[in-house]
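In the two complexes below, subunit A is the common chain; its partner is subunit B in one and subunit C in the other.
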Partner chain A sequence: MSWIDLIGFGEQGRGGILLWAMGMTLAVTAASLCIGAALGAVVAAAKLSASRPARWLGDAYTTVFRGAPELLIIYLVYFGGSQAVTAVGRWLNYEGFLGLPSFLAGAVAVGLISGAYQAEVYRGAYQAVSRGELDAARSIGMGTLLRLRRILVPQILRFSLPGLGNVWQLSLKDSTLVSVTGLAELMRTSQIAAGSTKQYFLFFIVGGALYLVLTTLSDRVFNFAERRVARSFRHGLGRH
Partner chain B sequence: MSIRNLVAASALFAALAAPASAKEWTEVTIALEGAYAPWNLTDANGKIVGFEPDLTEYLCAHAKLKCTLISQDWDGMITALNAGKFDVIMDALSITPERKEVIDFTVPYAATPAVFAAPKDGELANLAGTGSVIKLADTSDGAEAIAPLKTALTGKTIGIQAATVYAKFIYDNFKDVAEIKEYKTSAERDLDLSAGRIDAGFDDATYFLGAFESADNAGLAFTGPEIAGPIWGEGEGLGIRKSDPELKALFDEAIKAAVADGTVKKLSEKWLKVDVTP
Partner chain C sequence: MDFDIAFLFSTFIKLVEAVPMTLALFACSVSLGALFALGITYCRVSGGLLLSGFARAYVFVFRGSPLLIQMFLIYYGLGQFPAVRHSLFWPVLRDPFSCAVLALALCTAGYQAEIMRGGLQAVPAREIEAGRAAGMSGLLLFRRIIAPIAIRQALPAYSTEIILMVKSTALASLVTVWEVTGTAQRLISQTYRTMEVFLVATLIYLLINFIIVRLMALVEYRLSPHLRERPVTASHGGHQGEVHG
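Up next is the complex of A and B:
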């Protein structure tokens, strides 16, 4: 059987499975980015807080999750998470095993890592917002929520977009490690196809090419978003 | 009678009167690697096929169980079993004393020899004893039989899949004379072996038979004697949690039937090209 047949969409082709796995990789990465965004925002707020314990907790979180090996965190969440959930179940008189699904465990683990990086991105973006604008808003009587909605959040998003693009690419590559949970994402599917057909180079090259497609497209999307946001800010500044 | 004594007596009575609640198994999730051809592999439709999935069909029908096969990474498979991710491991898992400390095993459904593989045209091709079988009870028992292999492999690099019985054997016998390189999967080791980055690989003979059929591995062949016997434990069995003796009993009975009626022989000859009946 030729290599074209093997990676095609025919009866013996694995093209369909690889595309499905590519979708799974995107889904895990997107879910982890959302989890990371929520965590990152909270941790960034803690690191910018006037409270010393909050700052200490924020620093501890980013130090641990940026410093520990990604694979270790995935194992801890996948196995430790299941044991924790099972323990809670036992406490509630449920005798069976309760496991975290592979997808959820992977998304949470990569989300925890992503959150540590996003926290630094948001913190930097917040510090880039002009203090003068905030003072002006305060002086004309804008409340905290209004300042947040009209000035802080839009500018933080604008300043954080380039950093978030990098975090997305990191998470996309970290998602390959989720294969250890048995989740059929792109890396695991390439490994399975290679082991099952004994065509190792073929499927590792195809897997690599598909990752390259994902990272290149992601890069384009983030560049486009950055240009759009920058343009809308320029237009906004011109309006009196 | 004091309240404390009354409570204690009631508890004792309840414990004696209540029958031990044996779990009734109807559905079982079985984990395989899905990439260890020809024992188990994944076809183009994502279905797990091979010797073990075919045998599973028989075992589950015999035990009247509804079985679901899932693909799981070899790394952490035993941990995942104990964490309740699935109920059974079926992945050419050798029964060893070390593993028996953490999980239970069924009776073996296969027993296979292990062997070295090396490039056909390399200096390790056709080592003394190629084509013969030596039976070893344990490492110390095999010192004399392994001596020619140790001499031949002195200063060489041997590739093995991590966390396998074969890895333990190689470390026990060759760490003083050869460099040992571990791999996450056997397939990755084969790539390095074909590329000449390592000098020899050591694995299950049936695995290598399947691997040699690939164009990538066309230049590889067995070298040295096949090593069989109790050194690999009792053979390959299903891995089951220690807390599930009822499930073990169901599969024990089914495996014994599969061995007795020739199902293991028939399926192993179909997939592995040799009879691996224990």
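Up next is the complex of A and C:
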């Protein structure tokens, strides 16, 4: 069988399953981006808050999850989560080991890491919002929530777009490590295809190329989004 | 979760025994990567169309694809070919440690090359012109004018990159090099005490990172004497507020 048959879409080909795996990689990365967005917003708020314990907790979070190796965090979530699930199972009279679903474990683990980076992105974006606008909003009588909704969030989202693009690329690469939990994403699928056909070189090259496609395409998407968003800045009042 | 000091301590001892392996991976791959990066930067900056095209392609491929797949490609992929197995390089490519170092170095070279290029671009043209006007050229110009400014500019990004490399050495455990993360994973599956082992391992990584950050800050301080305040002497006491640089 020639190599083109192996990666093609025929009966023996792995093309279809690799494309499916690419979708799984995108899904786990997107899920982790959402989890990370929620975590990142909370942690950024903690880091910017006036209370010292909250600031300390926020700093501790970003230090740990940016300082520890990604693989170690995946082990923490996968093994730790499975232990917790097993403990709950024992409590419900189920004997034996219960595993955390690998998609959930992967998304949470990459989400924890992404949350630490997103917190820094949001914090920077908050600091880029002009103080004058906040003062103006306060002076016409907007309350905290209204200020958040009308002044802060729209601008923070725009300012954080380039940073979020970087976080997305990081998460896309971190998602390869989720393969250790057995989730059939692109890395794991390339590995299985390589092992079962003994064509290691071929399938790792193909896997790598498909990752390049993903990173290049997402780069395009984020550049497009940034240009779209930049429109609202160019003619903005008080900005040049 | 019971707080078990004895267990934490024994975990710490076991993980610390793996620290030399992590540091060896880190030191070898960062220095080898820096050498590769110098070559790539040279191709990119002063090479012709062909060489700079190669440098661009290199950076695109190694920054755009994940490190794990690069490592597996080198460790499992190259060994597939009889030609490689019978070649001079087989002792190197058979060994998990050298494969891990090679993969880490090739990957970081892509990132380091971009950082070095950024540093070079930040050297003001007028500084180079001034150097030329003073009669410097070639290596002397590079050593006295270009390199000091470029290194100073690139240093903050460079420290970020090497901190990321400390974390990246963890992937070597997936090609059976027993460094800190691999050892931690083994301890977790033996004892099922995930949280404790994770905390101890993280503490070790944070300590390593902290030391590297301090060292890099020291280097940065040494390389930028012109940005510091002039030491105050008794006769010129009133100059503290002066802005330098």
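Miscellaneous remarks
Going forward, the second predicted complex is superposed on the first by the 221 of 240 C-alpha atoms of A that agree within 3 Å, B and C clash if a C-alpha of one lies under 4 Å from a C-alpha of the other, contacts with A are read in each partner's own complex, and residues count from 1 in each chain.
Here is the rule we use: a residue touches a chain if its C-beta (ideal position, glycine included) is under 8 Å from a C-beta of that chain, and two chains touch if they have at least 3 such contacts.
These numbers come from a predicted model, not from an experiment.
Aligning the two structures on subunit A places subunit B and subunit C in a clash. Look at A:T62: by the touch rule set out above, it reaches neither subunit B nor subunit C. When both complexes are overlaid on chain A, the residue A:T181 reaches subunit B alone and has no touch with subunit C. Once the two complexes are overlaid on the shared chain, A:K173 sits against subunit C while remaining clear of subunit B.
Of the two partner chains, subunit B is the only one that A:S196 touches; subunit C does not reach it.
By the touch criterion defined above, A:Y211 reaches subunit C but does not reach subunit B. Using the contact criterion defined above for the overlaid structures, shared-chain residue A:G13 touches subunit B, although it does not reach subunit C.
In the superposition on chain A, contact of A:S114 is made with neither subunit B nor subunit C. In the superposed model, A:L76 lies in contact with subunit C only, and not with subunit B.
In the superposed pair of complexes, A:L98 makes contact with subunit B only, with no contact to subunit C.
In the three-chain superposition model, subunit A touches both subunit B and subunit C at residues 75, 79, 83, 179-180, 191, 194, 198-201. Of all residues in subunit C, those touching subunit A in their complex are 60-61, 64-70, 72-73, 76-81, 167-171, 173-174, 181, 184-185, 188-189, 192, 194-195, 198, 201-202, 205-206, 209.
Touching subunit C in their complex are the following residues of subunit A: 63-64, 67-73, 75-76, 79-80, 83, 172-173, 176-177, 179-180, 187, 190-191, 194, 198-201, 204-205, 207-209, 211-212, 215-216. Partner subunit B is touched in their complex by these residues of subunit A: 11-14, 17, 75, 78-79, 82-83, 86, 96-99, 179-182, 184, 188, 191-201. Taken together, the subunit B residues at the contact with subunit A in this complex read 31, 33-37, 41-46, 70-73, 75-76, 79-80, 83-85, 185-188, 190-191, 210-211, 213-217.
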